[in-house]
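Just below sit the structures, each encoded as structure tokens.
In what comes next, chain A is part of two complexes: it sits with chain B in the first one and with chain C in the second one.
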Partner chain A sequence: MDDITRRGSIGLAAGMAAVSTLATAPARAAIPTVDVKPPSLPLERGATLRVLRPVKYIDPDGVYFDLNTQKFAKAIGVPVRVDYVGFEDLRPQTAVAARTGAGPDIVLGWSDDPHLYTDSILDMTDIAEYLGKKYGGWQTLAALYGRKHNTDQWIAIPFGGSAGPAVYRKSWVNEAGFDTIPSDHGKFLDLCRNLKKNGHPPGFALGNAVGDANAYCGWLLWSHNGYMIDEDGKVSINRPETIAALKYAKELYQTFIPGVLSWQDPSNNKAFINEDISLTQNGCSIYFALKNNPRTASIAEDVYHAPMPTGLARSRPETATVINAMVFKHTKYPNAAKEYIRFMMEAEQYDPWLTATTGYWAHSLKAYSESAVWKSDPKLIAYRDGCAMEFYSGYKGPINAASGAVLADYVNVQMFAAVSSDQATPEEAVAEAERRAKRIYKQ
Partner chain B sequence: MTDTVILPDDTMADHTTADDVTDHESTGILSSESRMRRIVTVYVPLACFLVVLLFPFYWMGITTFKPDSELLDYRNNNPFWITSPTLQNIRKLLFETDYPRWLWTTMTVAFGATALSLFSSVLAAYAIERLRFRGSGYVGLGIYMAYLVPPSILFIPLATIVFQLGLFDTSWALILTYPTFLIPFCTWLLIGYFKSIPYELEECALIDGASRLQILRRITLPLAVPGLISAGIFAFTLSWNEFIYALAFISSSENKTVPVAILTELVQGDVYQWGALMAGSLLGSLPVAIFYSFFVEYYVSSLTGAVKE
Partner chain C sequence: MSATDTRDIDALNWVAPRRTPGTLARLMDNKAFLVCICLFPALSLLIVFLTYPLGLGIYLAFTDTQIGRAGEWVGLENFESLFHDRIFLNAVWWTVAYTFFATILKFGLGLWLALLLNNHMPFKSLVRAIILLPYIVPTVLSAIAFWWIYDPQFSIISYVLVDKLHWLDHYIDFLGTPWHARWSLIAANVWRGIPFVAITLLAGLQTISPSLYEAAMLDGASPWQRFRFVTRPLLMPILAIVMTFSVLFTFTDFQLVYAITRGGPINSTHLMATLAFQRGIPGSHLGEGAAIAVAMIPFLILATVFSYFALGRRKWQQGSDND
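Moving on to the complex of A and B:
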């Protein structure tokens, strides 16, 4: 019955890879690998797959993903259909697939999505261990999101993460008396004050912005050694570290351009491109939007990226939004689905895709640190370690439905926004955040 | 008995003139006051309403024709006006995306769901209002209660049914699920309208030997046209704008409806292609606006009262 074997398919894939080079394939580097035997996954006869993933960040993201999928279909003989869905709309569709037991076989969901559906998805430990051994191990954040909390069981395969470091105008930062973004809180505040004094204020989102506001407020909390949940899953936001972070945030807010309280994810892009702000926290979309437009290409030359200040944290207090591939139990072709994910993560496919996405996605497997993309433009280095960070939504507790709900309800963001806008004292805001988090965690 | 006093011409003329002046003055003051009152109580609020209601369309319109350079740079450009209009956004929408197909799908779904809902609602409303079977009041109430269940709760159980029927990712998934919220709404609207049609008309027809279906077809429905149009417009608009079912039951890009598809295709992470998005919204709202403009009189008459007894 299972007469197409994985081993045979690999041979076929290698042949295909040799003859079918992508016409516009980006330059590739040698990715260091270890010779590891892949898990044996005999393919089911007549297998077909449906994959659901977030919409492309930039065109090459979708183009190379589709090309790799076509390669898989030709090499392995399993037709695959990939459907793209908006960032905000991925979760309802994932919920439908998980709850109805029908729909796509594979979903590339967001960071913590697989942790909400552990009963509905397949164990991925075999694939994860194979890939980890072959490609130098998994990055810290990838492993946190891929594994069930505090176990060695993998429930998803992280494809990559999108980081959000500081994006700044170098000339204006220099004019404000700094070479780059300083790593301590005091100097960072001085920088922001000087930027404002010079007429080039910074701007960080404080509205209910999924990416940017969560990134900024996460940085504020973590860089002061604060955290929402402790290791045992107990709500621990009401601590002196959080109060210190809130007081600092209020000082910082005085230097911002007006209006950040209502900012959504595209708002800082627009303000930065329009030269209204000098400093923000974002993915590399601002840089490429400027670079790819002849009218604004000159501004792009002045745009640089750097990690946000470390402050009191022991490592970079940022996180990344990870795309995490899970295979649903309702699939009729579990081996084909796992094989597809393995195929897509192999260097022949993954590296061209990673390189083409020009830093929008950071790699989840350590070996891809050698990818040509990270040498193609020195300005992208700040994005390289997106999946290597140790902070995540719900840090330091388990990743589960409650940590996702705290994030979705903007508990942390609204706490910082309330203090920044003088609607609450730090003590009042943290008490309210604690109340909301405890209600979600049922404590 | 009154004496008629004839006054000399010039005296009369003087008297008349004085009265006229006083009348004109008072009329002038009154009319000026009345005009002022009218401006303050009618035109100013009306203007405010119009600005609030039409500004989004205006904004949609000017953003559609704005080049990116004007869209992003408010310091050097008036945000409320266009200096260099462009068709680039419409071209992108129509020729670089599947927009025509999304529009066609949306239209098919909206017409299909509206027709199905109207047909079912007419039968339901007539039965509840006119047949007055035992428990008809509770049935009406039950239908109304069904309308109160939010789609965000229903979409997962409905998805199970859609999958089991093999309708996932087809227009039928939407045509058959939209009536779950359209039928209760239309039924209630039509119950109200049927109530306003004199029952005596039907009694006359009954005496003349007409069957219930004949009465419905030849007496009630022709009189209920404004109500049907009103329910149809509501159903069409709700179907046209529906989001959550269209998002959950359709996964192929080419089978999506306009509200879902433009978000998927024209929002990439934190980069919103505002020009094309607004072009999509503007073109997407035109069919509904045209639909309304054709039937607005029926629509108003159905809301303000039906057949007079």
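Moving on to the complex of A and C:
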């Protein structure tokens, strides 16, 4: 789950982006497909649908989503109403729908939400397999969030994900003696030390910031091969890898701008845009906010994105916030609902939407890597693989209510914050995190 | 004329026809029924919007309900587990401390302000209206304003002290260390709460008859004595009520803390209300969130009882002497 306020704060700039995007209809690339027959879903007579989804990220997100919905209504003859709700209201509303068995037929929830409602949502395996076959397969993170843990049963269709790679000022990174963001821990620390020495410190959120602090602390843990839960769902945070990550985090923290302990999601955006920091982890909102404001467009030219250092991990130790569509069993028109989701994921609809959202959402089906959006600006490449990551909150265990609760309680973030700010030794902090996680997992 | 005779006889024996009243009319004559039906609208509102949610909250506190999964009755398990949870205990301690310090400051400053405003001065009504401003601004908006004021990079206070006056050489980290964050939150709460206290106490002050002060002055009472022996006792009843409300509002505060720190740094500023929300909704453990919320009830009852009995126990409220 990401935060409202950061997105809210970029609203103005995003709005401008929207206008320019809408004026010139986005160019479309050919999406490679395999000829597969869609599953037969005979539509119910008189079907109507209600869809609940998070508020638009930037204007084109909503505009193209609505356009595609209207197209569906016209082509298939099923009227659909789409309701947009605030990022933090989505969860409670989904919960009410699940508990009362009334309300929306389809909910585009957050990453792990469908895993909380496995009993009250429909099996989506038929559409997921069809889409997977047609569009070159599902990306790793999408498949993790779409399927029930360790099974081939699909319970949701991931629409897209929003990643948080490193955002940096190229000239200052060059000045610090580096060409780009290095991929190993030692060099990354050197880079940060040099940046600080040159008066352009990095800044990573360590407050209770849903999006940014979880992204940074997830990276710290995973890039050292640490993890909160093992494959069998046992709390395994108390391992030497975590201690190493904590010691490293403490070193890194010395180079940061003061105040990151209280940073919330919008804080790094503000500091970066004000040129107070040279390096942070964020969505592409910083870049677009700078680029779309004539006064700061020159700074935008110096802004680049790169994956965070891989460190000891096998693959990119980051994750993304995914929007994940589920159909409730209480719907009177299950086939129409599935058909709607299939329709929205087909290239004729999905690609214009993806292109219009200019990198805010990364695609969940592999074939869309060919989409024109990823060629429109080479700086967006770091966001392209948002759904290709293999890390997720609750890695390596099952995605369930407990993994969600550990995330919501900032167990990992606070472990790193406590050590970074010298309020606890690595051993104390890890023991505390283990105690808290075990309490939530009831172990 | 037998017909006429008959009529006369009838007239003599005429009794007002006693129509048996309809069921509704009889029902309406029934006092118990009337009481019930008049109370019904108010009661049903209270039941639907207060008793039911409160009852449901208390029920949930004894279950392990999660979002998306109906819970089972687990008795006191939630409370037992919370009792061993350092974050919860810290939140309890901090909620009490926050309420205590914020209330003392609000009352000290609010009373002072009320006494000042009670004097004659130019533009009296305008000044009084301005005093109310912090109270009129929606809490979330003032919280966001304070969030900027306390921002580690963009704080106006740091800017003035460092860049304009050169009194400090570094920006103040208002929310980065536990005690800085705690006092910052108390300051924000006090700023917001003073108008309520000041205006209600001012109303109380204006009910005190000037002749009492005149009498005191004739007896040679100093200003302090006039305050101590005239103002203070006569202000006590309203003080008790304002205090009760203020304690309740402060104890259940949510918006300021949630918007400014989200309970950080590292849970040092979590109030019971913010922790209950975090555990219940984003953390999806409704049962535990409800248990934290229910744990606030004893404190609230205690505070109310204390204010009423300790501060308001004055017989002269009913017209007799102090004792």
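FYI, the second predicted complex is superposed on the first by the 419 of 443 C-alpha atoms of A that agree within 3 Å, B and C clash if a C-alpha of one lies under 4 Å from a C-alpha of the other, contacts with A are read in each partner's own complex, and residues count from 1 in each chain.
The rule we apply is simple: contacts are C-beta pairs under 8 Å (C-beta built on N, C-alpha and C of every residue); 3 or more make two chains touch, one makes a residue touch a chain.
Owing to the predicted nature of the structure, the values given are computational and were not obtained by experimental measurement.
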item: Clash or fit, chain B versus chain C on superposed chain A; value: clash
item: First (chain B), second (chain C), both or neither touched by A:Pro104; value: first
item: Partner chain in contact with A:Val322 - chain B first, chain C second, else both or neither; value: neither
item: Partner chain(s) touched by A:Pro92 [first = chain B, second = chain C, both, neither]; value: both
item: Partner chain(s) touched by A:Arg439 [first = chain B, second = chain C, both, neither]; value: second
item: Which superposed partner A:Tyr57 touches (first chain B, second chain C, both, neither); value: first
item: First (chain B), second (chain C), both or neither touched by A:Leu261; value: second
item: Which superposed partner A:Asn269 touches (first chain B, second chain C, both, neither); value: first
item: Chain B versus chain C as contact partner of A:Asn282, first or second or both or neither; value: first
item: Clashing chain B stretch [against chain C; choices 2-10, 20-28, 38-46 or 236-244]; value: 38-46
item: Shared contact residues on chain A - chain B and chain C; value: 88, 92, 95, 99, 270, 274, 276
item: Residues on chain A engaged by chain C in the complex (per definition of touch); value: 1, 88, 91-92, 95, 98-99, 116-117, 119-120, 206-210, 257-264, 267, 270-271, 274, 276, 401, 404-405, 408-410, 414, 417-418, 421, 423, 432, 436, 439-440
item: Chain A residues within the chain B interface of the complex; value: 50, 52, 55-58, 81, 83-89, 92-93, 95-96, 99-104, 162, 211-212, 265-266, 269-270, 273-274, 276, 282-283, 285, 289, 293, 295, 360
item: Residue numbers on chain C that touch chain A, as the complex places them; value: 66-70, 81, 85-87, 150-154, 170-171, 173-177, 181, 261-267, 278-279, 281-285
item: Residue ranges of chain B touching chain A (in the complex, touch as defined); value: 68-69, 72-75, 155-156, 159-160, 163, 168, 244, 247-249, 251-253, 260, 263-265, 267-272
